[in-house]
Structure formats: C-alpha cells, structure tokens
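Quick notes on the structure that follows.
Naming follows writing order (A, B, C and D), and every chain is counted from residue 1.
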Amino acid sequence: MIKSILKSDDFKLKNCINYIVVAVALVAACTLHGMGELKTSYMNLLVQIGYSIILAVSLNLVVGFLGELSLGHAGFMCVGAYLGTFISMQLSEVIESKIICLLISMLCGGVIAAVFGFLVGLPALRLKGDYLAIVTLAFGEIIRTIFKNLPWFGKAMGLSTGAVKFTKKDTPLFIIVFITVLVVLFLVQNLVRSKHGRAITAIRDNEIAAKAMGINVTFYKLFVFVIAAFFAGVAGVFYGHYTTPVMYTFFSYNYSIEILVMVVLGGMGSINGSIIAATLIPIINFKLQEKLPGDLAALKFLIYALILIGIVIFNNAPKLAPIKEKISIKAIIAKLTAKNRKPEDILNDPAHWDKIPTKISMDEVLSTDIQPGNEYVPDKPEKGGK
Amino acid sequence: MSDIVLRTEDLGISFGGLKAVQSVNLEIKKKQLYGLVGPNGAGKTTVFNLLTGVYQPTTGTFYLNGEELKGKTQEQINRKGIARTFQNIRLFNNMSVIRNVLVGLHNQPEFKCNPFVSLFRLPKHYDTENRMREKAKEILRIVGLEEERNNLACNLPYGKQRKLEIARALATNPTLLLLDEPAAGMNPHETEDLMHIVRKIRDDFDMTILLIEHDMKFVSGLCDEVTVLNFGTVLAQGDTNTALNDPEVIKAYIGE
Amino acid sequence: MSILFDGLSLGAIYALIALGYTMVYGIAKMLNFAHGDIIMVGAYSVFVTLASGGHIALACILSIVLCVIMGVVVEKVAYKPLRGSSPLAVLITAIGVSYLLQSISQLIFGADPKNVTIASLGAVTLFGAKISVSSIVTLVIGAVIMAALTVFVKKTRTGRAMVAVSEDKGAAMLMGINVNKIISVTFAIGSALAAAASLFYLMQIPSVEPTLGSMPGIKAFTAAVIGGIGSIPGAMIGGVLLGVIEKVCLSVPVLAPYTTAVEFGLLIVILLVRPIGLLGKKRREKV
Amino acid sequence: MKKFSKVIALLLSLSLVLCFAACGGNTEETTAGSEETTAGSEETTVAADIAYDLTKEGEYTADNTEYVIGATGPLTGDAASYGISVQQGAQLAIDEINAAGGLNGVNFKLDMKDDKATAPDASTGYDALFEAGMQASLGSVTSGSAESFATRAAEDGVFSLTPSASADPVINASNNSFRVCFGDPDNGIMSAEKLAKEYKNIGVIYDSSDAYSSGIYDAFKAKMAELNVTYIEQSFDAENNRDFSTQVEALKDCDVIFLPIYYTEAGLIAKACVAKGCDAFLFGCDGLDGVASQIDATVTNKISYLTPFDVNSEDAKVSAFVTAYETKYSAKPDQFAADGYDAVYAIFEAMKALGVNNVKVDPIELGKALTATFTSADFSFDGVTGGMVWDASGACVKEPIIVELQ
C-alpha cells in the first residue's frame, strides 16, 4: 500500500518541487532571521509574497482550472480581512497569544469568505465568460461599499487592527504565512491532481461534454468558488494582521486585477507559474517603490503597464508563436537532442504529427457531406458478418 | 420485464414554430445495434440531444429500461445509463488521453471518493486512483488507444479522437450508447476497424448501441434495424435492408 | 421630478459610453477595459483646446479625431496581435492599456484635477424643475446617435459587414470581408462615441484628471450588460436606467452611501433573472 | 527516483518541524515583548524626562551625509494630487534650509515614496525609508496610510510629523506621532459652532467614503445635536459619484451649505450650484483650500473656509513662501504644500533647538528627543500655517482663519 502511494504522481520530483522550494525559502529566511540578518523590509515583503501566493493560487483554481473569469477575488479577501481580523480583535481580549488569535480567525475568516464564495458561485451556474466577470467585479464592489459604511468597522477610517497586528517583537508573521502557503499548496495540488481536479478541468475544456459524462457541474463550480474564496479569506486575515488599518480602498477591482495579472503572467492552470508571478510582482512593486521616489512614481505604472502588455502579447500572439518556439527552453533542449531523431520516429510518434505537413486540413475532411452531385446512392447492402 | 432498453413515445421538439423533430417512436432491444439515418438536417442529432437531456422534448417522452427520463438533466440521464459521443468531437483537448477516459469513470459507484478524501490524501484516494487507472487502461485497450494514453487528446489524429470519444462514453458504464457519426472522417480501413470495435463493445459489455451514420456501408454492415428521418419525421423504420431500400428513402436522399 | 431629469442626463452619458462598449464587444468580442480611458484622453484634449483659447466646436472635432486615432492605434498595437488567442489575454492587455494611458496622462498633465471652463448652455424650467440645457442636449444627442448607429448597422455595407463579423469571423472572412478593417472601423466608431461622451461629461462635470475614465467606464459597462451587451438600444436603456437609479439612491440619505452597492446589485439581479441582459440576443450553443 | 522522493519527503517534514521550532522559540519572547510595550505606554505622561543620546549612530544611518527626512504619500492614483503637493512643499523647505547652510553646515534630504494612499504600501515604504537611513519622518499624507506608517514607526520609535493626516487614530497610533494640520473633530466642532450661530437653513454635503470628510461630519453632527440645531444632510461617495446635481437640488433652498470635503469635489459642487441656480453660501474646512483653482468666473456663490493657511495672505512669511513656490513649480501652493513646508521647518527648528550635530544620528534616539521637544511647553513654531504648539497627544494647536473667496 505505502509502496503504491510512494509510487504515485504525488511523489514525483516535478510534482513536489514547489513544496521543496517554498520550504527551503522558508528555512533559509528563518535561519537568516535567527542570525538577525533579515531586514524588516524583507520580512514584510515575505508576508506580502506569502499572501499573494495564496491569492494567486486560489484564483488560479477558478480561472485556470475551472475556466471562469473572476474579477472579484479581492472582495473575498476583503471579507476575510475585515471580519476575520474583527474576530481576532475580539478574541485578543480573552486570548493572549496573537498566534492563537490568528489561527482561529484564519479559520473563521476563511469560512465566512467561503460562504460569500458560495453566494458568488450561484450566478456562476447561470452565467459565463464576460458576464460572470462583470458579476464578480460587481460583487467585489458591493462588498467594499458595504464594509466602508458599516459602523462596526470604522467606516471610511478603516478597521484599526493595532491590537492584533504582528509587530517586530512578535514571532515573524512570515513564518506562519509561509507554513500556510505550504498547506494551501498541499490542498490545492491534491485537489487538482485527483479525480475531482480532472472533473474541474473537464468542465473548463468542454462543459457540454463534461455534463454528458455525468459530471455534476453545479457541484464542482460551487465547490471551486467556495474553496478559492476560503483561501482568499485566509489571505485577507493575514493582511489584517500584517498592516493597520484595514481599509476598503485596498480591495478595489484594481487589486483583483493585480491578482489576475499574477495568474495570467504565471500561466493559467500552472500553480508553479502562479507562485513565481506572485513572488515577482510584490518584489517588483517594492523595488520600484524604493527606486522611484517622487515624480518618477508615475513611471512605475507606465513600466508596469508596458511589461504587462509586452508579456501578454509575447505569450499569446498567434503570429509570434514560431519566434517563441525558437527561443523557448523546450525548443532548445529539443534542438540539442533532435539530431539523432529520424523522420520515421516523428511519423510514429503522434505527439509530433502536427509537424508533418498535410495537404488536407481538418476542415476539408469535415465538409465532406452530401451535396448535389455528390449524393449517396445506397448500394445493395451486404450483410456484415454477425 | 421486456428486453426493450429504450422506448420513445411520440418524441418531438419544436424551436419557436419550427418542428425540428416530431413523433419519433423507437423501440430498441437489448444488445441491439440500431441505426438512425437520414439526410443532413433531418433531426438525427436533435434526437440524440433530446435523449441526453440537452434539449427538453416539447411532446412525448422516453423510457430507459422502463424508467421515464424526460425532464432529467444531462448529468442525471448519464448516470441513469445513457452515454453519447458528439458529431463535432468534444474531447477535453488539454488533457491526456487517459485522463479523458478517467473523467468518464468519474461517477462510477466503485470509484466513489469524497473531495475531502482527495484534499487530505487519505489512503482511499490512492486506492481509488490506482483502480481507476487500471480500468481506464482496460477501456483504452478495447478501442486500441492504450499506446497513446499519455498523449494530449488534441494531438491525436482524427480517427483516434473518434475512438477516444467512444472510450470515454464507454467509461461511464452506460446501458445505452449513442454514437453520433462515429465513422465520419475515417478512411475505409479505419471504418472497418471501428466496425469491429463497435461489435466487440456490444458483445463484451452486452451493450445496446444507437448510432447515427452517413456511411451506409457502415450502417448496413452493422445495424440490425434502422430508422430513417427526414425533416424531423420518421420516413421508414425497421429492418435495415428493407428500410434503406424504401422508395421514399431513396427519394429523400436523391431529392427526386 | 428633478431627480428624474438629473438621472436621465447622467444616464445619457453612461449610455453614450455604453454604446461604445457594446459596439466593440458585439463585433470584436472583447471587453475593452481601456474604453473609459479613451474618454479621459478625449476630455484632456477638450481641456487643452479650451484652455488655449480654442472654440468649443474645434475642441469637439479635435477630441473626436484624437480619440479615433488613439482607439485605432491601440487596437492595432495591443489587440490585433492577440486576435485568435484567449479572450482573457486580450482582457489583460486592455487593462494594461488602461494603466498605460492613465500614467501617460499623469506624466503629462500631473495628478491634480484641472478645472475646465466650458460655456454653460444655461438652464430651462420644465415641469417645475430646473434643468440645464446641456443635459437635454446630451439626451437628445444620445438618442440621435443610437438611431444613427442602428441605421448604420442595418442599412450600410460596412454596417452589415460588422454584423457578419460579429456572427462569425471565419465565415465573414470567407465571404470576402476584410475582418481587420471592420474591427478597426468598429474601434474608430467606439472611440468617436467616447469622444462625444467626454464632451458631454465635461459639460456636466467640468473637471479632468487621469483617473476620470475608470469609474464611468465600469458603470457604463455595467449599463451595457444590463441592457444586453451587443444590443444598441439595450445600451441606451441600460445607461438611462442606471443613471436614474443612481440619482434616486443618492437622494435618499440612508441609501446614499450604498448607491454603488445598489447599482451593482441591480446588475446581478437582472443577470440572474435574464442572463443575457434586458435586450440581449440569446445564442444557442450547438451540440 | 523513488529513493530521491523519499529523501525529499524527509527533508520536507524536517523543514516543517524546524519552522515550528522557530515559532515556538519566539513565542516566549513575544509575550515578554508585549509586556514591555504596555509598560512603555504607561510612561507617556513623563515623556519629557526620557533620556536620549544624540551622539549615537543608528543601525542604518552609517552612510548618511545629509539628514534624511522620510515620507510616503500618494504620488499616483486617485489621491496623487495631495501627495504631490505635500512633496513639493516639503522639498521647497528642504531646498531653502540647504541654501541657508543646513543645520550646522549639514544638508537635509527629503525621501518620499509612493504609497498610492494604501496602508500596506505606506508600511513597505516606511521599511524602505528606515533602511535607507531615514532619521525623522513626515509620516504619510492620507489618514489610512499615515496610521499604517505611524504604527510601523512606533515599533521602531521613529518620529513622525504628518503634514495633512487629520484623523485621530494617526496620532493615537504612537507617542512619536504628531501632526501639523487641524484634527477632524476640531474642524467639525468649530464649523458647527459658527454655522449654528449665524445661519438658519443649514445643509451639509459630505463624502461618506473619505476618512477626513466623515471624521469632520461626525463631530459636526454631534455638536449640532448638542446645540439642538437641525440641518439637511446629503452624502456622496467620491470614488463613484462626481455629478452633484441631486445633492445640490436637495439643498437648493438652504442659506448655507457646509462642505467638509476636499477642494476638487467642492469645485464641482460650486459649479453644480450654478447649474441648479442655487445661491447658497458655501462653507468648508481646510480641505477646501485650493478650490479657487477649481472654479471660474461663472461661479457666483460666496465661498469661504476655515483654514490655517491663506495663499493670498499679506503676511510676509506666507507671501515669501507663495512666491518661492510659484517660482519653483509655477503653480500656487495649496494647504497640503503649506503643511508639508511647515512640517519640514518644524522638524528643522526642533533639531536646531536640540542642538543636533551628528549627521549619523540614530533615528530612535532622535525620535525620543524630538518627541520630548514637541511636547515640552516651551517649544512653539511659527510657520506659514500659523503659530503652533503641540500637546501630549500629538495634536497641533493653532488658530484658524477664515478665507473668503469672491
């Protein structure tokens, strides 16, 4: 039994490399911190990276795996940040340890956000594509509008979370955040690499066929929205413990879009890509903030926008595909190994059949149909052997 | 208990004023290979869509093994035992061949596995996955795609994609298999091969199969009974030879 | 009564922007997030022309010319290379373009809002409420543009080609329609509408800043979706409806802070009841 | 391969254990630390006696050749105009100080980071500044970010004197946090008293989405209830509404409309008044400073506001500042610029009074010293926004003037 478990995909190096990288990064950061070599700015940057990873990975579940565009992810984070941190602040009056407060409120914030995820998932059952995108965007704005007017959360002033905020004297927040990142990665990858993950990707690839295969589309759509919202809520709780005050301005659709940008830059459906993008974007933001003071700050958005447009066009433009293939790592490796490849090999390997020039394209095959002058005249049927 | 698997009664649907299909009465017996033929636009695929819950019939109803399935959703109908393939192939293109089949196996009671079992990787998850893989390989072997199991579905040649669709439908363990133009786009050699596969499926699984096909050699070589549709109505029905040689049918095809 | 008129004139602006959205979405099948920022560009050009002593008519023409050039250039540079790739990629590029336009205008004009001195057309009293002439003009022009667009799409060659492209790009291409040209024309029309919207926007809200376009853009997109995206009268109805609702909410003190929530809530409710919007055309996916 | 996977699994679990160990190890420190903090805050009242050492070198100030004053503010995004004003005002002050020979020959430097008016960016901005050798700070420009900045600064003990963040949580966030501007409640109470005394039909339009505006409005509301005066309220949400016809329509018959908002929206409201034919007197607080640039000749309403700063003042100091600002930036300074200018000078004066003569002075020691100076009874500062003294809470006490626009 254990042997077969160890043999499964879960324990292949390429499937757990991300755990290793995150864990090594965490251990390295802990060591540096223990030696007193880790600057506060880097510790705080690590927290930002951590919750960005959680957000990006969870949004990737919705966008990359389920194939539904959501522009309201910051809304779930907002729920977690306001309500989760609020709960934590109430708890802090009874419980002294900030860590325990955080852990409890993480669960609470996540669960409440998940409830909202369920509510947003409901329209997702009826709507698709851009319509769903605008509904999720609308949802995010509604949440924000409500929180900025409720008296319990400081209204426009925001929720002051000084009582529970992790300060320099506490256990560095990044440790807890990164352990959570590992847990989130574990859960998300387990989901994706299971029959349920297959069902979810099947819905993305072809909803009609998925339905015809008896996949419970309703259940899985709601399930994905709930899970993603749960994680976003957890990220929100971290946010509330990382900075004060929790203000509605942060959770605008612009932030949802920033998370989406992480997912798209990392590659939809690629968890490792999301991790990399969610690491790079906070670093870029931080470095640009550090390096571009004053008037140059406006340049930051300019650079950001240009990078965004450039990368998306480069990655997706059909016309650039041949250029991209030439310079991609895969292509370089293939080139290095291609010399010993005989044409017959290519012919026998269906993975390379797209490289074989054919005269008849698929459309022509499909269009063979009964037309005037090309009608089918039934032959004398020959009874097939039975 | 009769051995009639699928019975439709006065099945019909109209879109707006257009009667796409009207009063189709079918009776398909167990292990039967039944053909549904007719010129383009005759409403064959619409009948499939009615039987699988894509459209809801406006008149009539249909029964699978005596149980009325009208009004059920696509998912429910699939679980009751009707599986289908699609005329314009609808594979999960970005997934490997074996994963396509694994999706088909998703609802089998023997592979039931709560999402949280997978989420927390309880031992049951590994057990289920392994058994599913074995089963999927077995099904792929039947349609002759075992070798290709790790390729992306969209990289398969056309004929193999058709076969994969059949394998995937088969994986849902249906009592009735609906094949929508399974031989379209295949060369004669592949068609021959497919005929063997269809028969093998019928024999190995005691399957009842309803198929739409334009290739009359394929139909007449395979089916015991056919129904000929034209403009949404039944033109002829019964024994394959007789029905296909019906003057009305020939007229409908040649247009005279 | 007065609230209704205020709502109508605000709605007319939303409607004008929504028409641009709906045209571009209907034909190019892409959500042009940067549409709101094209309005901002138009508004700045009006501001610059007026501030340097130009006549309002000149400002109007210049802003339309600039917006059309802008729209077409953006389409050629940022969207055309992505034709045929996933809609999400196009959406992200559009967002990138939106950021780009905002930061460029901040670099040029600075971040602070600039006052625009625009000749007031005065006001008239109608049904006991005082209404500025500019809002009536906005409404009338909006209706005229809507009618003109409908006629354009139905009666002219280019318009019919647009419909063909929106139905099926591939088939349209096989019919000898230059799809790229049609999409460019669509963007040009959409941007011209944005320029018009910017002018009327300034008549009611005479102040420009780099982020001017984003909220009206989102609101107008909401309006377009409420009306049924791709439908020209739908955009008009959606815009006016949204404008009136916004004003009614604002006039109730308890509800006023929640205005945005009410507007977006309305969107969700309408889409849940009618997933294609009020006047949208249903498309059946072929199985 | 299989073996390798096992090794990795082992490594993974090991690292997890390590992490937990690290967590557990630090927890004890945590509780001890928080006790210290509480102890510290009890001693606030005797802040003046805190010992400091201005010769000490800071952790990150070894490379300083100038005194570094840090700040964050919105330099991009919706609120960018406020941040840029503060930056320009502060920079002007720095330039003047340097031109006059600095502090004992040592120049000053302003380092301002963009925070887009969001809390996390203010916090990372603070980190970057602190590690770049910042010695004293202007905090942040907008209230939320300033609270975030001040909280982080309090952890280290860095002095912050925010030019414009008027909400009370900002100065309550730490003992080292001070402000140059009026507090929101002060504005609200002063306005309520004035309006209740002089007018009958009072209307209010406030921005429910803005901390500054709702802060003033809440105080105003309470004061009006206390004075037993009724008024009509209207609100808007600056993020979403820029068309004020409805609000003005509702207040058309008022004698006076109180506008506890910023000048950009106030300009639009004034124009909406023209469109609606409403001739009410528009009265606001210091946020209205700058409204002159937002309106034109068409606006006939009388507008006036409570402010510590009048750009047209005859006062020599103010007109010198205005002239210098105009020469440098070819625009008239608004209140944010004046606040930024004053904040820099206040810090400079305090440092001069302290006799700071160490370019590498430790920000923490300097923080203690500056806090002691600012809260001491004999420190006052006379700037372009009036004469100021600070109380122990960090609030600034100064006299408002009423500026009238025609």
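Criterion: a contact is a pair of C-beta atoms (placed from the backbone, for glycine too) under 8 Å apart; a residue touches a chain by one contact, two chains touch by 3 or more.
Note that the structure is predicted; figures quoted are calculated from it, not measured.
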A-B or C-D, whichever has more C-beta pairs in contact: A-B
Chain closest to the middle [Cα centroid of all protein chains]: A
Identity of the chain that, by mean CA position, is farthest from chain D: B
Whole-Å gap separating chain B and chain D, where each centre is the average of the chain's CA atoms: 71
Computed distance of Cα centres, chain D from chain A, in Å: 37
Residues of chain D whose C-beta touches two or more other chains: 75-76, 80, 84, 208-209, 237, 239
Per-residue overlap in chain B, given as positions that touch at least 2 other chains: 54, 86, 88
Set of chain A residues in contact with two or more other chains: 145, 148-149, 208, 298, 300-301
Sites on chain A touched by chain D in the complex: 6-7, 11-13, 16, 19-20, 23-24, 26-27, 30, 33-34, 39-41, 44-45, 48, 96-99, 145, 148-149, 155-158, 160, 162, 165, 167-172, 175-176, 178-179, 182, 239, 242-250, 252, 285-286, 289-290, 292-295, 297-298, 300-301
Chain D - residues contacting chain A, complex: 1-2, 4-6, 8-9, 11-12, 15-16, 18-20, 22-23, 26-27, 29-31, 33-34, 36-37, 75-76, 80, 84, 87, 111-115, 117-121, 123-125, 127-128, 130-132, 143-144, 147-148, 151, 155-156, 167, 169, 173, 207-211, 213-215, 237, 239
Parts of chain A lying in touch with chain B, wherever the complex brings them together: 1, 4-5, 8, 10, 187, 190-191, 194-199, 201-202, 205-206, 208-217, 223, 269, 350-351, 353-354, 362, 365-366, 368-370, 372, 375-379, 381-384
Footprint of chain A on chain C - complex, ascending: 25, 31, 78, 81-89, 91-93, 95-100, 102-104, 106-107, 111, 218, 221-222, 225, 229, 257-261, 264-265, 267-268, 271-272, 275, 285, 287
In the complex with chain C, residue positions of chain D that touch it: 75-78, 80-81, 83-85, 208-209, 233-237, 239-243, 245-247, 249-250, 264, 267-268, 271, 274-277, 293-298
